[in-house]
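Labels for the chains are A, B, C and D, by order of writing; each one numbers its residues from 1.
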Amino acid sequence: MLRNERWTVTNTQITHIQIDNYGPWTVTPEPRREVDLQTLQSRLYADLAQLFGNRDGYIFFSRFDNMIAVTNGLDEAAHALIQESVGNRYPVTMSLSVATGTTPVSALGTATEQLQEAGSAQDKGRREVLRGQTIDEQFRKETDVQLAHFDVDDATEKYTDQLNEFDTFIQIEQGYASLMKYMREAHDSLSFFVGGDNVIAVCPDLDEADYHDAINHVREEVDVELKVGVGRGRTAATAGMDAKHALETCRATGEAVTIETGTTE
Amino acid sequence: MLRNERWTVTNTQITHIQIDNYGPWTVTPEPRREVDLQTLQSRLYADLAQLFGNRDGYIFFSRFDNMIAVTNGLDEAAHALIQESVGNRYPVTMSLSVATGTTPVSALGTATEQLQEAGSAQDKGRREVLRGQTIDEQFRKETDVQLAHFDVDDATEKYTDQLNEFDTFIQIEQGYASLMKYMREAHDSLSFFVGGDNVIAVCPDLDEADYHDAINHVREEVDVELKVGVGRGRTAATAGMDAKHALETCRATGEAVTIETGTTE
Amino acid sequence: MLRNERWTVTNTQITHIQIDNYGPWTVTPEPRREVDLQTLQSRLYADLAQLFGNRDGYIFFSRFDNMIAVTNGLDEAAHALIQESVGNRYPVTMSLSVATGTTPVSALGTATEQLQEAGSAQDKGRREVLRGQTIDEQFRKETDVQLAHFDVDDATEKYTDQLNEFDTFIQIEQGYASLMKYMREAHDSLSFFVGGDNVIAVCPDLDEADYHDAINHVREEVDVELKVGVGRGRTAATAGMDAKHALETCRATGEAVTIETGTTE
Amino acid sequence: MLRNERWTVTNTQITHIQIDNYGPWTVTPEPRREVDLQTLQSRLYADLAQLFGNRDGYIFFSRFDNMIAVTNGLDEAAHALIQESVGNRYPVTMSLSVATGTTPVSALGTATEQLQEAGSAQDKGRREVLRGQTIDEQFRKETDVQLAHFDVDDATEKYTDQLNEFDTFIQIEQGYASLMKYMREAHDSLSFFVGGDNVIAVCPDLDEADYHDAINHVREEVDVELKVGVGRGRTAATAGMDAKHALETCRATGEAVTIETGTTE
């Protein structure tokens, strides 16, 4: 499949979400019960998945105390409301910093810098920071966001139904560790494990050869076989759904890389 | 600190939790919205954290569609109630298989095998399996479970406040990938990332030298500096809380390894 | 305070939400555990509170299996997304019917009729109905929604700190039962208990005398003393927040009725 | 059906749960968004339904900021863990007071008094109170708890499928208001609306004639026709499940009152 010539540079809007002074809170005055921390973190993430997701954004849990979201289409007011809603319902607060860039890495770089300038992640006095720039409606395009949805070939047959669950998990995890590092270093992309054998990468304007390159790298480094569907859209929701459909096409055709070109254009 | 001589072999009870036929469900009849899947997965995990945790167990999300729990103290009736409660409240069901062993890896191995014998993870007809053996109350001991709580030295100062969030995440992730593989292969342990810069490992009867060995391996392989607190107890909750206190001792003393010996004996 | 002359007729958009075939589901194949049903119902309501609320709507739990929402500003696509999101994450589905009217009662009447025409609440074949008309953006006005926020005078001092909790609850409940019936019959309004000693009423264009009339009725019928703040807005969120501020004014001034006039105009 | 002669006096353990200083918190520094308060309240209730329910207790939301639970079988440690878990995960804390009595009303009376003695519900300094006595394991009996599960005859056919949803709700609500007041005054029982057309009452040792009396009262006062299933057990979970089965028997036989006698003895 040829690369669609009308595709141009991406314009990804990235939000860095950081729970304020979370580490110290978890051990003050005594270490808190782990199951409560796990519950708090995963419910906060679930809430943010809905809050960003219902505005067509995507959020990834990454480290849970620091999360990364693709927020094209969310303006400052939407960010402020999300921040306030969490502050109203959780024992912790969170800071948000948003930025845009032609690659996801450069956007995140700016977002994190703005947050670091406001104070340390463990600064007691730094709470509910909200900084940065969103993309003006007039400058948004149908091609702003590119998402790639990877999964592992025949994971159920090769791993889940054969190995003990931790050894399966090691395979998936080593594949993810290899992919996320390579995609960042070679392709300025941010890749996130999203459960099962799935990884979603937020990418700049990569083409089919780039994805083959990444898949080859992971095969060679850790012997895990991936395939990927790629979508493009005005928002993360659109690009992500196209990527899912493209991955279904891979399953049907046996191709390792499918770039969805029709739906969003 | 010398190893406590009264410590003996562990007897870890491990439960393998698997969402029934989840992969196909996520794309039937069409791929479902990613934010809803993320919400479903993280809320299910949060609920299980409470359901197991309020019976003094620990559960780790690992791949979300397959989870691993330390369940010393939970009998078959408790497992059945958890299974029923999820079936009553979610659009998916889950199968549970429980086993015990002198190492966590051997316990999990048995648990997974029992599940695989009942059918494939993507078998449409295999639903709400509940299999295995729990430890009879009379055979339970104060030393059955050993947990180790690792974190990264000065992660906030060295990474979070310096690098962009994804590059910080890469450091944490590479450290985790190295640790989880090595602890499994060299020390029969199951290690899980639990957010921030924290990893909890379910271990057999390892001693201080074993933990130094693991920390050295990660430093050499990926240049990430870890410390670890270790606890031992009748349940995951007790062992885990002791491990947290031991890690606080590391922070106070600068030691890389602290094994809590007092509280539970 | 005089009635603001610029206020005109309301145009409330009401959505009737009904869980499909819920009663039979709760007892099939056997009665399900009550705590799971309670958890399911209250979490579904919480999710809908966020899903509608983050689009500036309000939803009331009323009977939990049937809920009523004020949805000015939510179009059909928003309703469809909410319906799909619940279908993706719960073991039950829900039908939605939306209508508008110059009084909340007439809007709800139309909404319920549309649903009844589609089939019984316990019709096995009727699932995920989505019917009705929303207000076109061009016809929306700053005065479309009128909300009144009632509370009980000195409830903590008179009841909570004096009586056993159930006898306090009886006072609040009798006050609510009296108010909700009278406001419906005399003033075409829909009144909902929202916890504590608070009731929120969705009203047509009522004036100060109407609210005094309702308060007098409740005092005479069940000897419970109410006060009320009233707000008006383009959405439930705006009208509701104005009503809260008006109620704070009642607390400060001792007035039984305060109609907020400034903020939204 | 004759009353089972072996049934004797009940011994209900009741816990009064109160969110500390909640009213002031909801308006400080400004009134908080209603949808966030509704989400917070209903999720807290859902969590408590699981926390109490998985120990075979029942909790009712009543006013949400004050809740009432039947806690036979939960000792002080279980109460403390529930209190701590909520404190770890919510922006508010809660106080708990537990007491026992031969009637639910007398148990609750003692529980509330203990809480009132500790300070006002809106006392800023009174936080996380935990008071009272639970029943020693040796004194617990299979007949300690009596629960009655009421519903409205043919509610779907007579109301839900005929009236607008608010007019249906008025019928249910007036029936509940009548029942809850009468059962408290005439029969020392605590009755709670639990959604749909269902009410669960926590009762002393009432017999069939008592339930007919209550049903007759509601019919005469507000023209709502009820039926009821009654169960008895060592815990709320057992008694409640028996009551559900008894109500199913009413549906099958057309009897207005069924008292389950077999299962728990």
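Following the convention adopted for this analysis, a contact is a pair of C-beta atoms (placed from the backbone, for glycine too) under 8 Å apart; a residue touches a chain by one contact, two chains touch by 3 or more.
This one's a predicted model, so the numbers in the text were calculated from it and none came from an experiment.
Novice: Among A-C, A-B or B-C, find the interface that matches C-D: by residue number, over half of the contact pairs should be common to both.
Specialist: Within A-C, A-B or B-C, the interface duplicating C-D belongs to A-B.
Novice: Any idea whether B-D or A-D has more C-beta pairs in contact?
Specialist: Taking the two pairs in turn, the one with more contacts turns out to be A-D.
Novice: At the place where copies chain A and chain B touch, is the share of residue numbers found on both sides over half (same) or under half (different)?
Specialist: Since more than half of the residue numbers are used by both chains, the interface counts as same.
Novice: Express in whole angstrom the distance between the two chain centres, defined as the mean CA positions of chain A and chain D.
Specialist: For chain A versus chain D, the centre distance works out to 44 Å.
Novice: Nearest whole angstrom, what separates the Cα centre of chain A from the Cα centre of chain B?
Specialist: So the centroids are 24 Å from each other.
Novice: Distance-wise, how many Å sit between the C-alpha centres of chain B and chain D, to the nearest whole number?
Specialist: 37
Novice: Going through chain B residue by residue, note those that touch at least 2 other chains and give them in order.
Specialist: 33, 36-37, 39, 43, 50, 54, 85
Novice: Residue numbers of chain A touching chain D in their complex, please.
Specialist: Contacts found on chain A: 32-33, 36-37, 39-40, 43, 84-85, 87-91.
Novice: Chain B touches which residues of chain D in the complex?
Specialist: Per the touch definition, chain D meets chain B at residues 47, 50-51, 54, 81, 85.
Novice: Which bits of chain D are touching chain C when the two form their complex?
Specialist: 16, 18, 22-23, 27, 31, 33-39, 41-43, 45-46, 49-50, 52-54, 58-59, 61-66, 68, 105, 108-109, 111-113, 116, 120-122, 156, 160-170, 172-174, 176-177, 180-181, 184, 190, 194-197, 200, 237, 240-241, 244-245, 248
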